[in-house]
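Reading through the structure tokens given below for one structure.
Chain IDs A, B, C, D, E and F follow the sequence of writing; residue 1 opens each chain.
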């Protein structure tokens, strides 16, 4: 199993979620994060003082999938979250050794 | 007291004190010791007092609270609220006495009021002060109390994010008694500055220049906030500041039009001038910032409005609408420059611009009052000002007023602060400053 | 109605009802059926009514809303707002009639008012109530309405976080009609308690002890919140509570000084006493907490202010500034003890301390009124109180007042709650309570 | 001006302008050119002006600001605040002149006021307008200014989240001068609609229908918000909206009872009617929603209250409490339908329902005024309305009023918007709209 | 070493934390997240418009443990976070190659 | 490639970010979290009731790096985030199997 972690632009969430549902992914976890990268931030004005805000709001999506789903899910996220503008974000894939569904105690594939 | 119970007590309605209010408006034509009280004036002055109280809580608290970082918002509100409570009691105990009652020694009276009104003991139900002859003295005392509350509270803008709450309360108390009360007496209570002809309708020098000067001294004595220049110290929630500024604006009609002490033509003209100058200053700051910084910030618009309110304070009641317009525009642009460019240039950390807006705006307003006062607007000062009525001597009186307040306030504030620092320390520890005042000083945080 | 249209209608200005206001202040000297209306009193009483309304919306709503957990803040605001709407209509339909109009049966009048004012039918444009002889009855009805709104709304502090909204509205309606209206009639409307000499200027027993008692009964009937003691239930956003407390403070001048029903000396003295007691109580609670719990919390300061406002309510208009100071300090310290230590000791879940502050503060104020009332402050009660004027009998009247309100209110409140519980149930399901009332009862959340 | 300084100036107290207020209430019996000023009326009208200002800042700003998404809350507040500043200055420069001073050409006067009051030049300290004969003209000018501020500001509800700030300010300025000022003159300033007998006590058509119509046109011209229907656009923080709605409610007593222009019976009855209708409308919307959508939302309750305030605006001062009750309930239910169902059906994006509440509520109120006005409530209109006094002709006058305002406003608003769009563009770029107006237009965000 | 990531219902936090403390776990990191899964969200009403809120508030707990603690910790979380209702959440286990305690520079086992 | 996750004290963010930039790290993702550990929390007062707040605000920084950068980055974080006081936080290193840049579809080393 793999844990796919994607950093995306916030307003892309709904599109991504729908495309993953279409692939049969039944769950995901989303966190509000701040991203620093090639995309420049903005400045805020405070009575003449300007503060550089270098971190931009992003969303982090975490999806645990069976290994065979990996490519399809990565492709779906890549295509749906893309605007072609700088700052579209990244996808990270990490190995996942074990999954448990708390409600039932089911593990691994059954737990997803 | 419900009137029902009046009747229960078997008294004729006219005998009740409540009824005197009715009589007041009418008894002129009758005989006997006439009651000087005017119900309409009294209605307006209680309303004005409530409005000015609203300026401090929640107005000023929110205005400042929205500008600090989130970890300090409750501590900032605690300053306004605590100052309100503390000063109310001190005013009742001694403040009113030394500021607004005459000193039996006429020479001394130039400098400080008398001491016979401690705990307001001589103030009876039907007392009337000679300073406000158509309303109960209880109302006049209360109205002046609300001024005495907001003036020290304004200083909090310069010491935000780094002063101990205990030191803050000591500072409020000592400053009230040693700075505000004497100066209020000088200008309004029968002291030397009023006698010398200074025009200060509602407190350009007594309130705003005074608080602003103290703010400047305080931020110099305290030093800069940790992280200034490197950390993002932009306001955490300007929604609060907009509410605060709006309530300041609304409440200021109690401040300025209330300073007429009656509900008549002077109050009306003061209200109109206040509204016009405030709006003009908000536009002035907004346009200046739009041109220079490319974007009209919300903080700029509300700061401009406050600058306008400050600058028209001494002038309202003396100037006509056009004079108010000019003062307003000037205040917006000048305070923008002072809060943004001057502060940057000199490098003091007047965190929320108490000096830049109140000090500079108050001085500007006091001086422009000398230029634009019109004899036709206030029959008590028929000579008017310099540009309107050619009375240049008024400019001198105004400069004297500004200079006296600035110098006295700066020196005494400095001494008070040094004394407190010596005894209990002014500033929180760096750990507390970094972690936040809310949790450390008050044990609370905002859980949003 | 714009005056322009008056002239259009071809009427002489004096004939217009609006103009009568003008005449009112002057017609004494003239002949003919004099108009009793005083414009200054009317101005003050409409203002007072608006101020008291502001105490409930948004004042009380924010005060309570900031103290609950974030998931319940909208539901808490909905309680104040819904109560305001519902009670307004009920007051117009029947409440005013049974509370403030005389019962034709003089014996019955001791207990309840008449039924002829249903839908305010007899109230004409120029009606004047004998209970408030210098203002339109429409204004007196409105002023009393704002009291009738806030009293039940105060109870919400004890039932926060766990009551159904439907049950809440039924409770408000029944409690208004079965508890508040009778008691208001007893004390202010011509009933037996007023006749017996109870002094309650603006509602220490009628409003605060009454609401506080109902709050105590309600939290006992409802039971504790799920998670009390284990979960962090600290206030989610005290900024809201500070705004609320500040607006309560400002609005309370309508409450207390408005209870003079005129804009005269009594209103002025009541305003001064209110301000002094409130500030003293805020300091009292703050100092007590600072000593005992080592930190002066913001919640403590604002709770102290509210305790002071509550305790001075029955006394304002009867006591002088020094009396107000003593009452204020006592209220701050006593209510700190009651809200913090007594509640802990007995273990009831008066979530936001409606009993601890309003009940205890109201009773304390009522009793201290008997101690510190001064004949010289209110000519209708020339005998004054125990400690000031040696009139011990007033203490008995005050205890009788407190006891009667407590007992009647407790019993009837209990019956109402049990009845509602039987028919529709009082409390939300545990799932709803855990997930939050906002989303479950109102379908909304705060998205911050 | 402090009285102390009066005495300094060696003037007898009576000679001071302030003192005239005192005399005003009494001089009838005396000889000489009597002063028309009534202190009680003046007190009430300054208070009313401050209350109406509070409706816009912070009231309306918060009401709207809480309903938008978090990224746009400051921009929404900036609209109310900026409009307040801009319109104040324009009103002083020219607005008051063309709306409320007579045109020397009697024919022209049907359509527009005169031009002699530019910069308020003829307004002296003791000027009194014939439209408000017992208060200073400065106060009347200020009171009307606050109406001129809120009317355009209301339109912001329809253009939320997508209009440029520069375009917004241009729109406010042009709409004030080309739409509001003429219509105010038609109805209240001596123009043709008032002459034709339209009853509009405080602005059902002049203010609410007018702003609502402009709102409808604006949202049609601007087009829908990006993401409407797919994105979650639910209000980000209804706590702000509840504060806003509450302050609108409280401030509205200045609006409606202030429109009596005196503190007398008419003001009292208008206040009572306002309170009753507002509460009834809040309940009406709440119950309708509870039945249809199964949950009573907080947004629904406050929207209902605003709908009630809007609908009673033209009727207050003409109807009795029962009439107010009927108008209130109707407004709650009808505006619920219009804001929820009609909007859905037609698909325009009136983001915050400025048309659905103000337009529909204003028209409904204007028409129901024709039904429920009572001759006994307002002696200037002794014929009353259709259902109450059988005067069907009033219905025709009301429909004429509604039709004229709707048609004129719709056409001129459309032209203004198209002109601005051509020159500087109305709408922000899609990127700005998606990222948020706060950071892009004002360089600021809320950091909670 | 393993990194255990659990998505749980918010009001279960205290129970879970206590049970882990009892096992000798000395630290954890908690993040507010929004979860999408089999558990249905709710709708919010906005003047007749209804917005489906398909994401529900959850908490993410991250605990780094020595491998031998893994099962005990997973079991403790499973049993304490369980309500038996849909939406109880998941546990994910991923390999952890290195741990450093910033204060001391200690690594791996010593750093936990 | 490795995914470095560091829990640090909030006011250390700027220093850490700058030192990483100096090393050539071009992006990172930051999340506000609450940490539980050896560092004691505080208590909040609520009218006499005291609530123990055992979780303290921390920031979680996630940085994906090529394996050869690992030690330099860990060292930089360790040195910059250190105050020497308890509660300075931890660094966790986990294996990273795949990285995708959404904007371009570049993968792995190129995507960082």
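Worth a mention:
Basically, contacts are C-beta pairs under 8 Å (C-beta built on N, C-alpha and C of every residue); 3 or more make two chains touch, one makes a residue touch a chain.
Nothing here was measured: the structure is a model prediction, and the numbers come from that model.
Among the remaining chains, those touching subunit D as well as subunit E are A, C. The set of chains touching subunit C and also touching subunit E is given as D, F. Taking A-F and A-D together, the chain pair joined by more C-beta contacts is A-F. For the pair subunit A and subunit B, the distance between C-alpha centroids works out to 53 Å.
The distance from the centre of subunit B to the centre of subunit F, each centre being the mean of the chain's C-alpha atoms, comes to 47 Å.
Centres computed as Cα averages put subunit A at a distance of 18 Å from subunit E. Centres computed as Cα averages put subunit C at a distance of 31 Å from subunit D.
Residue positions of subunit C touching 2 or more other chains: 24-27, 29, 38-41, 43-44, 47, 234-235, 243, 293, 295, 297, 299, 442-444, 448. The multi-chain contact residues of subunit A, meaning those touching 2 or more other chains, are 31, 44-46, 94-95. Under the contact rule stated at the top, the pairs of chains that touch are A-B, A-D, A-E, A-F, B-C, B-D, B-F, C-D, C-E, C-F, D-E, E-F. Contact residues of subunit A toward subunit D in the complex are 11, 14, 42-46. Within the complex formed with subunit F, the residues of subunit E that make contact are 3, 17, 26-31, 64, 94-103, 105, 111.
Residues 227, 230-231, 434, 439, 442-445 of subunit B are the ones touching subunit F in the complex. Residues 24-29, 38-41, 43-44, 47, 51, 69-70, 130-134, 188-190, 194-195, 201, 234-239, 242-243, 245-247, 249-250, 253-254, 257, 259-269, 271-272, 275-276, 278-280, 282-283, 286, 293, 295-299, 301-302, 304-305, 317-318, 320-322, 325, 376-381, 448 of subunit D are the ones that touch subunit C when the two sit in their complex.
Partner subunit B is touched in their complex by these residues of subunit A: 44-49, 51, 53.
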